[in-house]
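Everything on this sheet refers to the single structure shown next.
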Amino acid sequence: MKRTKMSPEEQAKLIEDARVFLEERVMPLEARFGAEGFAGIEADLESLRGELRERGLWAPQMPKTLGGMELSFLDHARLSRELGKSPLGHYVFGCPAPDAGNMELLLEFGSEAQQKEFLEPLARGDVRSCFSMTEPDRAGSNPAWMETTARLEDGEWVINGRKWFTTSADGAGFAIVMAVTDPDASTYARASMILVSTDAPGFIHDRLIPVMGHTGSGWASHSEIVYDNCRVPEANLLGPRGGGFLLAQSRLGPGRIHHAMRWCGIAERAFDLMCKRAVEREVAPGRPLGTRQAVQHFIAECRAKIDAAILYVEHAARSIDERGASASRTEIACVKFFVADVLSEVLDRAIQVHGALGVTDDTPLAAFYRHERAAHIYDGADEVHKTAVARWILREYGLELNAQSK
Amino acid sequence: MKRTKMSPEEQAKLIEDARVFLEERVMPLEARFGAEGFAGIEADLESLRGELRERGLWAPQMPKTLGGMELSFLDHARLSRELGKSPLGHYVFGCPAPDAGNMELLLEFGSEAQQKEFLEPLARGDVRSCFSMTEPDRAGSNPAWMETTARLEDGEWVINGRKWFTTSADGAGFAIVMAVTDPDASTYARASMILVSTDAPGFIHDRLIPVMGHTGSGWASHSEIVYDNCRVPEANLLGPRGGGFLLAQSRLGPGRIHHAMRWCGIAERAFDLMCKRAVEREVAPGRPLGTRQAVQHFIAECRAKIDAAILYVEHAARSIDERGASASRTEIACVKFFVADVLSEVLDRAIQVHGALGVTDDTPLAAFYRHERAAHIYDGADEVHKTAVARWILREYGLELNAQSK
Amino acid sequence: MKRTKMSPEEQAKLIEDARVFLEERVMPLEARFGAEGFAGIEADLESLRGELRERGLWAPQMPKTLGGMELSFLDHARLSRELGKSPLGHYVFGCPAPDAGNMELLLEFGSEAQQKEFLEPLARGDVRSCFSMTEPDRAGSNPAWMETTARLEDGEWVINGRKWFTTSADGAGFAIVMAVTDPDASTYARASMILVSTDAPGFIHDRLIPVMGHTGSGWASHSEIVYDNCRVPEANLLGPRGGGFLLAQSRLGPGRIHHAMRWCGIAERAFDLMCKRAVEREVAPGRPLGTRQAVQHFIAECRAKIDAAILYVEHAARSIDERGASASRTEIACVKFFVADVLSEVLDRAIQVHGALGVTDDTPLAAFYRHERAAHIYDGADEVHKTAVARWILREYGLELNAQSK
Amino acid sequence: MKRTKMSPEEQAKLIEDARVFLEERVMPLEARFGAEGFAGIEADLESLRGELRERGLWAPQMPKTLGGMELSFLDHARLSRELGKSPLGHYVFGCPAPDAGNMELLLEFGSEAQQKEFLEPLARGDVRSCFSMTEPDRAGSNPAWMETTARLEDGEWVINGRKWFTTSADGAGFAIVMAVTDPDASTYARASMILVSTDAPGFIHDRLIPVMGHTGSGWASHSEIVYDNCRVPEANLLGPRGGGFLLAQSRLGPGRIHHAMRWCGIAERAFDLMCKRAVEREVAPGRPLGTRQAVQHFIAECRAKIDAAILYVEHAARSIDERGASASRTEIACVKFFVADVLSEVLDRAIQVHGALGVTDDTPLAAFYRHERAAHIYDGADEVHKTAVARWILREYGLELNAQSK
């Protein structure tokens, strides 16, 4: 698929449309999202999604044939930054994790039948999906080391294992599961990806994992899943047999940039709230917080870091557009940990400027603070990315380090 | 009251008793505390409190005549570090905020009648209390600027105003309220403290403030309180009329050290969890996380910072014992922001070493992370303390800065 | 002057030419520069300068009519990053501070006669110049507060005062001096800029200021200058009378980006040295430093920060090209402190990876470390820029802060 | 040797005597030390040393029988902090590195004859000494890996090799050299220490290593030494044959605390200069730097960190007094990197508050900044200590890591 870059005017209009819709229609739901969870506002969200789908503001990264906007990576990055300002932004515009990554996998590796059965309803927003890779007893940073197995039996995959932190499994229509299909193959060729309908026999939703104080619900939740002789048709193998690790790399690579785009949006929202607070809150009559140099320096330092983060994300997005994700892996990995750091710092300082209000749920800051601590962890811990970056760089200097070298 | 310092042996025994009780009896309740809130385990806690009260492991900072242990500040610091390892530690040992600070106020400034009516049941643990100072529209860092008023009318104080972030008000027996009684007095002589029974007419519990995702309950909650022509007897004035600011200083000063003591305990707990995780979690077969230098350096840096924090807290505690809180104000303020920084860093790194598990509620780390973000805010934002410290230091160099100078 | 942006191919060739020249001809002089100072290698440098002037690799920011390359700001930024890899790079390519800024001032504000007398020989490299603004007893961050005066007398300016940190005054042909000409004017209209030949009567080179252990010499030195009834023709007034402050702003704005460009070059050099060291230095037989995760993370973090710094500098340069320096002031100020931080961190870590070798003068790192500590100070301390940035941002939120507000 | 702890009064008097002597007699020499080097003021220093020796303010860590003060580690720590305020402090009081460490080695391991020949004149200050361990091609962090050899031949050690960074070799009377005497022994039993007079045949002072811009001279210099069939009597073996590694550990352990003590003194000096500057330097008429919140926060943060550093050093010193250096190794290693960080931060901020003056040699800050960058490197890079600390801690959690594990 050849994605055309938007003209600056088209892009500006898109961003503005998104901004208006978010501020007028989506952000007003945030307080209820916090109080009632996803389940409490699901109906409202579906109605907004329908509206956006009709306006063509839908699934920005999907091809037009699937109802999407077919944006380039860079254009998507810019839109995504806008959407990220609300925790609901990506969901209502049809590009939330983990659906977005799953759509990309299905688009690139799905058979025609798979695309018809799984991708089309997903791209339309008729079902939700989840991605079942991490296991409770195996470090997520080592995807070559996995206990869940799938064996072929009578034309079906029989899957056994326990998966952890399967985001959005609650209420999802299907999961993409990673399982060892070829235990005797070489390290990176053991696992495969398999499409599993959540009503397949043996798919057991074991529990919602309480995260940062909440079990959540629906799209905004994380589950532990047991596969107990779970059976699905042989044709549900996604991509080549033994290709699980490769598909995971392919899914996670750009996925990290998707997150970083979103984080920039969160950081902008927090920055905006911080500035408003600095202007409105008086520490003495006629003396707003913004007169304090400590607050001023928070603002300046955050502005500089957010700018740098945005430029870095766009640079990586442009690189993916022009050179592909694989050639951009150093940039992608660097962006991942660099922007996660910026996000954490900006959120922390925005909360500080809000004082006690900052830790209440009367602003979205506290929820961002809780949920985005995981930015340093999901899709590969920062430390793992740093080690990988160094390995790639030092290779150019003639030092070959294997993946397990410390 | 002359407090005797314990011998090293007495102290070691006390710490050990506390450690065992916490590990065996209190920590097992933590998971339910997270899931059910304070209300869900209140009965269990009361039973533990009764047991400790009988064993004389109760109210370490209170005089023996009130059933306490009469510990010196330094001995209390050491015990408090142990208690801090559980979020329930101080509560079950009879010295939780805000009760602890309120007891100290009543002990120092309460009339005989006030001590009988308010202090004795509080010290026994028969009632809980709250402290009502911060207001929603006034910066907490400027306690001289306040809207709540109290006027004398027919031998009663008539209180009007709105107080915010009144911790533990839900279910409390009484509040200590700060209100302007003398609007025409000089800045720091306008307000007074008044004891208000929560069943006084006009005491309105307006709402539980949702904090970091939860409204909480009972002792573990924060409320917004409205005083709507709330009437209490004239004799409920605590300390001298116009002395509210002074009493607040007196209450908050050592209170900051109480918090810092507790933070050291939290940091030790997090450190212990981090080390255990480093040993147990394998990133590859036979290769635990602790073999990674990044994890090793987290551990070493945290150890050094926790040690320094503990030494600093004990230094300030010793200074309070020997020179009084007022002469120790620079140390107290420095300890406040220094230890808050250490706590945040240690929690952050302990979570990182736990990976996704660190953001779940399967360990206490996520709850500590959420709730102790406020360590940088309550009892005076870090920035306010830093400015005060500089003012005191620069005064010795001949530069007089008034409190509002930036 | 309309500056044409280079094609990517032209630019790549220019960078490559510069790289080769620097590595083959300039870097070999660095060790002698360290040991003998500027005076010791001045003749060699002049010969290199002549060669580059002939090849047209000269004065990248000057118009072609003056022998320069007429590069856009962005193209200059990219070249400058290459030149910055050697402390001698900008000097040999005809664009060192303070000459570069002085040329820009003369180009924009100089009369025809002034350009003939001062700019042309400067642009050719026949003379060097200096800029005399900061005073020993006045904070450099407050250029409206200055003691040096100039009064008109018999068609001559008579200048009196003492200037500090006048970089490159030793051996310079002329100075641009900032002095109060109109003491009764409004704050920002008191001072003017005046061109002063260093052999004018009353121009007294008082001392070379020892900086970081060295007094230096020639271009690589800083002087204290006394103006003792120093007399120059009335026509030496540069720009409008009372326009000194405005000219200073105009000179310093883009000047900060010039520095930041150069810092990126230094950071790249340090990064390269760090990586080489990580590959070459063994901590045990067959185990180079690069196998250590701590070193790997230094490398990854530095790579990310340098990338972000480069993108930010280029973004600001592009903004200056497209919108002018004044409209880009927030970006310029942010870039200044952001890149200074990156530079300090990269240098620090590169030294650390070198161990004891890093603090010796056997690599250029120690000299960079010493001299670029000032990056946080010259052209406005970081704190001053942060305060300014916050002021501009908060103005958009409706808060007007005057320059002196803290 | 049983060292008696001083009474608080004795200690206060000692500190005060040292303070006065330093301020009145030693600090006035600092400017000349900077401009002329050690050689330029050596005569003045010798005269001061003689005076202090006569007053009994000499060699605080040496036994009284050798003319020292026989201070406990803790008392020495407190004195050392005072001495550290001047870069000349330890030298004039008879306890500079590397002499101090060498005296301790000779005191503990020297034979009677060795003590007579080497220790007595060293303790009296009649000669200086150096310590020759690090090699140019071998990582200092791996002292088990060394190329210099010593073989016994005709009752003499014949030493061959090249040593790097031999501090104070210029003008020293003797060196303690570490060389491989038993190449076939187990890793940590190969090397021995040998006393080598600098006029021994084959002791070649190859060059002064330029460090941070200076080659230095005498005590204040670092040399590269070649041992070219250098011959010394067999009796010059210090301690047991093969005991070199053990002696080095024994020398470096407490040596790290000696450095940390001194760093606290430097930090106090920088803090004092920063505060004075904050009071004296006006940024506008009547508005000293200390009115700026950014400066205030620098001051407060530095105060807290210096306090914590001092407490930590004293804690480790007390631990050495009470439990010995070996049992205190975790504390010693933590103190090393913790205090080095504090020192770097305090120096950096003190310079920043001084603006351009801070990078000149008009204050001692720039020299401290240059020379103490090595605090993170000498006596073991910070990273090496962090790894060691983690290893010791994780061992208590049941994880055994060998020294080379990363």
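In this document, chain identifiers A, B, C and D correspond to the written order of the chains, with residue numbering beginning at 1 in each.
We take it that a residue touches a chain if its C-beta (ideal position, glycine included) is under 8 Å from a C-beta of that chain, and two chains touch if they have at least 3 such contacts.
As the structure is a computational prediction, the values presented were derived from the model and not from experiment.
Common neighbours of subunit A and subunit C under the contact rule above are B, D. When chain centres are set by their Cα atoms, the one at the greatest distance from subunit C is B.
Centre to centre, using the average C-alpha position, subunit A and subunit B are separated by 38 Å. Chain geometry summary: the mean Cα position of subunit B and that of subunit C are 52 Å apart. Averaging C-alpha coordinates per chain places the centre of subunit B 43 Å away from that of subunit D. Touching of two or more other chains is recorded for residues 291-295, 297, 383, 386-387, 405-406 of subunit A.
Contact residues of subunit D toward subunit C in the complex are 34-35, 134, 139-142, 145, 164-165, 209-214, 222, 281-285, 287, 289, 291-295, 348, 351-352, 355-356, 358-362, 366-367, 369-370, 373-374, 376-378, 381-383, 386-387, 404, 406.
Chain contact summary for the complex, subunit D toward subunit A: residues 292-294, 297, 405-406. By the touch criterion given at the top, residues 275-276, 278-279, 288, 290-293, 295-297, 299-301, 303-305, 307-309, 311-312, 315, 330-331, 333-335, 337-338, 383, 385-391, 393-394, 397-399, 401, 405-406 of subunit B touch subunit D in their complex.
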